[in-house]
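Two complexes follow with chain A in common, the first pairing it with chain B and the second with chain C.
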Partner chain A sequence: MTDAPGSAEERLPEQETVAEFNSSHKSNFHRLLGFLQTTPSAIPLFVLVTAVIIFGILNGNRFFSPFALTLILQQVAIVGIVAVAQSLVILTAGIDLSVGAIAVISSVIMGKFTFDLGIPGELAVLCGLATGLFFGTANGLLVAFVKLPPFIVTLGMWQIVLAANFLYSGSVVIRSEEIAQVAPILQFFGRTITVGGAVFTYGVILLLFLVLLMSYILSQTAWGRHVYAVGDDPDAAELSGVKVKATLVSVYAIGGLICGFAGWALIGRLGSVSPQAGQLANIESITAVVIGGISLFGGRGSVAGTLFGALIVGVFTLGLRLLGADVQWTYLLIGALIIFAVTVDQTIRKVSL
Partner chain B sequence: MKYLTTLATAALMTAGMSVAASAADTSVCLITKDATNPFFVKMKEGAQAKADELGVELRSFAGKYDGDHETQVSAIETCIAAGAGGILLVATDSKAITGQVKKARDAGLVVIALDTPLDPMDAADMTFATDNFLAGELIGKWAAKTVDDPANAKIGLININVTQPSVGVLRNQGFLTGFGIDIGDKSKWGDETDSRIVGQEIGNGNAEGGRKGMENLLAINPDINVVYTINEPTAAGAYEALKAFGKQDDAVIVSVDGGCPGVANVEAGVIGATAQQYPLDMAGKGVEAIVKAVETGEMPAATEGKDFFDTGVGLVTDKPVEGLEQLTVEEGKNLCWG
Partner chain C sequence: MTSPILTARKLNKRYGRVIAMEDCDFDLMPGEILAVIGDNGAGKSTLIKALSGALRPDSGEIRLEGKPVHFSSPIQAREHGIETVYQTLALSPALTIADNMFMGREILKPGIMGSVFRQLDKKKMQNFARDKLTELGLMTIQNIAQTVETLSGGQRQGVAVARAAAFGTNVVILDEPTAALGVKESRKVLDLIKTVKSKGIPIILISHNMPHVFEVADRIHVHRLGKRLCVVDPKQYSMSDAVALMTGAMAPPDQEAVA
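Now for the complex of A and B:
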């Protein structure tokens, strides 16, 4: 079974067209596209490895050290975790603009409940995760049952959650030292494991764990296959007996929960609880997902690709900073990569196996 | 509800009667960059308190986020239409807003730039601000007297953002001057050639950016021992990065702002010294000046020797050095905001 069986009605005519124009190199061209279709993370992995090698050569040991390479992992951990949630949603041909806001409000709930309500840190963490789950489920219900476009639902939810976050927190930061004294559990994902010069935070380990777990679930369980089916063609999925609405709600709900975890990891990374953090996480996560080769039209791509996509952004950012380049060059190159990635996706879509 | 309204009306009337009659229908607009940054939240509180005291009406506006120029433009239009006596403006885009400011002044409103000078500065009637260059200079001098060997220091700087707004440039260049580094062109950062500067990073004024900026600086040179940060949330983020690599005792962080969490971080040893500014005062004095200008026609004057009204700055540290006027953490706490 491939990751992305194209829908029947668009497959037939396009296959004819391609066969007409490219009949002479059909086999090689198709073999490459077939490989890319079954292994959608191949291109981002290739770009990632190439980028690491090039920046390694240009920067020498400063870049090609366990310190710098694991630093990149730390820098992409939060966006990477949010991007896992984003991947699930985009695989169903949706989009979630509220991911970053949900992560931040979860972290604020964890902090405020601990300090204002005086409940134990462990319980506050559960409340924060429940908050993420709640907002994610609300998104899912609106998308699946009220049949609103995901872009609109999450655009609204983004504003609502962010405003609620500022109203509730009063923009007040909870300091790292206070958290360390009262509820160190909040900073759990900031703890580190050092192996030689390499530094791994628990947040990085959470990211890697989530990617492995979601890769397994998406490829090996019925629910995972349903997510792809719903994204590829909801009507066909419905006719094949997939509970489309339930699947959609569960995807947004799990996405919200993962954002809750991202909020927890965010406290670990910042040390403090900051209501102003994570405001660009929605755009950054979509960037990682797209560069990672997941199709914005749903049904094709893998979570491993998303991890590579996030790492590519991290490698470019640090690599260019070490070279002393203006930070705008990073944005320029990332922008070019986004367009490149979508071009590749469209090319694959036009040609089927 | 009715009771509350009656009470409020009564309070307004009492307040109105205690000052000159014209003040009762004077209103003052406050336009800030956003409504979430504690600095602006405090500014609004200071303006409101002074407005209540003088019996004038305060209308507050804010961009939806820092960088939201359009909302500030429409806020000025609203103030002109509402016939306000004057505007206190914390400009997001200190150049682009000047056209709108001119319209307001032509319509007879007094415009005072708060915190951020307009470009050109005389586009506003007066600027009420912290002397940001002096603020930077104070922490620069303190840092130079605190590190063991300033001639061989390794300095990392975490600035605000790529657009190099005037406040960020003044603090940065003030810091370098205070430390004893030749700053070249004082209208921008990044053109210095002193080898003690390891790198100039961008932190967007928040903890997240502070941490990432510090990580990047450590990747460039792990031996950094002096860190300048644009504000205290950035400093807190930078400290987390140092801590993650076990280097928190090897580097001294200096900052600007003097918010209460920042002063608490000075006490906790996260920040070595911070230059404290006084937003409540800034806004309160601004309201006073506008009311005075409307009532008497007398425009606010600049502080002697400067081209703006200096609202003061204090150096807060718990490791005082010789030859500088400094506030203790206790004193800083009494004066802190947010």
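Now for the complex of A and C:
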């Protein structure tokens, strides 16, 4: 008992240093998380740049050329565009499983209306875009007003749209030569601009334009702030003056419209109209969004991150293929990246709560 | 005889089998601070949510300046100059302080950037937010562009109170605005309440803190079992009387005398 005060005094400095070490260590960690909270696309950008450098070293000029790098852009263009739509929905804490199917039915409408109804290609394109808008709006109304979970609504819509697509098209492909002859406007996004060795399709330009436009809208306009608020906490958003239902419907509607554009760009990419195309676009777009650092719980992330996420998938795919690796390695690495990205998101969210 | 600015008659609200409001009446006089007190679950928050458009009563009538109103959303109440600090604060954690203060009433840039490109005037909104928080004495907030989730509970409450005080032009409703605040910050909020009152704007203050209630209130609305039990004058009743009324230990005075 008598020596207790003495021993406490002896222990004190030690405890202090431990505490000090802990707190400075912790504050650096917190600073990093704070940075990631405000700049959620930093990690995917870092992964992207690292992957490009590593595959560049391993593959040399075959990979590190303007041609190969722009080829990656071309290969991710469709999924990238669909992923922009997916980003909007996931920012509201929703999910859209019907994006790929909506894109495909839009492209089928464009093709069938041109060839079966004999209307001008331009008008058929408008009809296709309207189709995307229609299905997106239907999703939005069901989510916002009938209050069904987005997963269920879009799971159902996916099946409905896909079935309608096959029933209407009879699974018949419209060939590229026919389209080029009758309605070249349908293949508009397949046209290219060549700068040096770099080849940009109009589809790639559409993707980049959409990413820039959505980044602006999400960060600089009231509607964009409302999208984040709805995803963050819909009850709080409603109480603080956001029209939550209108915001939700508009998000799904715009998502559908963007999918319509993806369908148009899909014709450009394939040359033909194919009812079988784009079957995995929903999963691939979710992959891009998640790797891109958008939180599946809504309210966090950016469309720039989604672009990086889509590009990461493209870089891995081409890089590994050039190395002659089994394609399964791509899936394996992408799978690991998905889990890593969600872990980071959870860590960020936990710190903030 | 002045007439009340905000009245409610026979409001009812049920959640399944729970009766949150039963024939509830309410009166707010111009320029007064009306405290609403009552036990947990008495239905105070339900009442003010009905007044602020956050929920629709099953039946009953609400009048603002004598005219019947039917708010179907908080936006509509806001358009009538009724601002509310909800018990849950209603802030979006991942957005900035300025984003939150201007949610649903954003300021656009002047000229073509605003009218055509719908660009927000973030500078202007941040400056406004900073001014309002400084008025509240929330100088501890270093960066107005920081997200709400990085604030302490008390700071968040300060942001919500500043938002309501800044925009309320007709009625300001505060549902337990000092619940998470320290002594110093509570004082600031009480001062702010008095400032708002001095501008002639009436305030509804819900609080469990009797000293606060008795310091600022002109009248006290005692809520019990989903309805107004009585309205008392804090100068004629003690704090223990008020608690006794709240808990049912004391019978309410003759209503006609007060109303």
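Here, the second predicted complex is superposed on the first by the 327 of 353 C-alpha atoms of A that agree within 3 Å, B and C clash if a C-alpha of one lies under 4 Å from a C-alpha of the other, contacts with A are read in each partner's own complex, and residues count from 1 in each chain.
In this text, contacts are C-beta pairs under 8 Å (C-beta built on N, C-alpha and C of every residue); 3 or more make two chains touch, one makes a residue touch a chain.
Everything quoted here is computed from the prediction, not taken from an experiment.
Residue contacts after overlaying the shared chain place A:Gly305 against neither chain B nor chain C. Touch criterion not met for A:Pro150: it reaches neither chain B nor chain C. When the shared chain is aligned, no partner comes close enough to touch A:Gly94: not chain B, not chain C.
Of the two partner chains, chain B is the only one that A:Arg175 touches; chain C does not reach it.
Of the two partner chains, chain C is the only one that A:Leu239 touches; chain B does not reach it. By the touch criterion defined above, A:Val199 reaches chain B but does not reach chain C.
Within the complex, the chain B residues that touch chain A are 35-38, 41, 65, 162, 199, 201-202, 206-208, 211-212, 215-216, 218-220, 222, 233, 236-237, 239-240, 243-245, 261, 264-265, 268, 270, 338. Across the complex, chain C is touched by residues 34, 37-38, 220-223, 225-226, 228-229, 232-233, 235-243, 299-300, 352-353 of chain A. The touching residues of chain A, when paired with chain B in their complex, are 62-63, 67-68, 71, 74-75, 166, 170-173, 175-177, 190, 192, 199, 201, 269-272, 274-279, 318, 321-322, 324, 326-328.
Of all residues in chain C, those touching chain A in their complex are 54, 73-75, 78, 84, 86, 88-95, 99-100, 103-106, 108, 117-120, 147, 149-150, 163.
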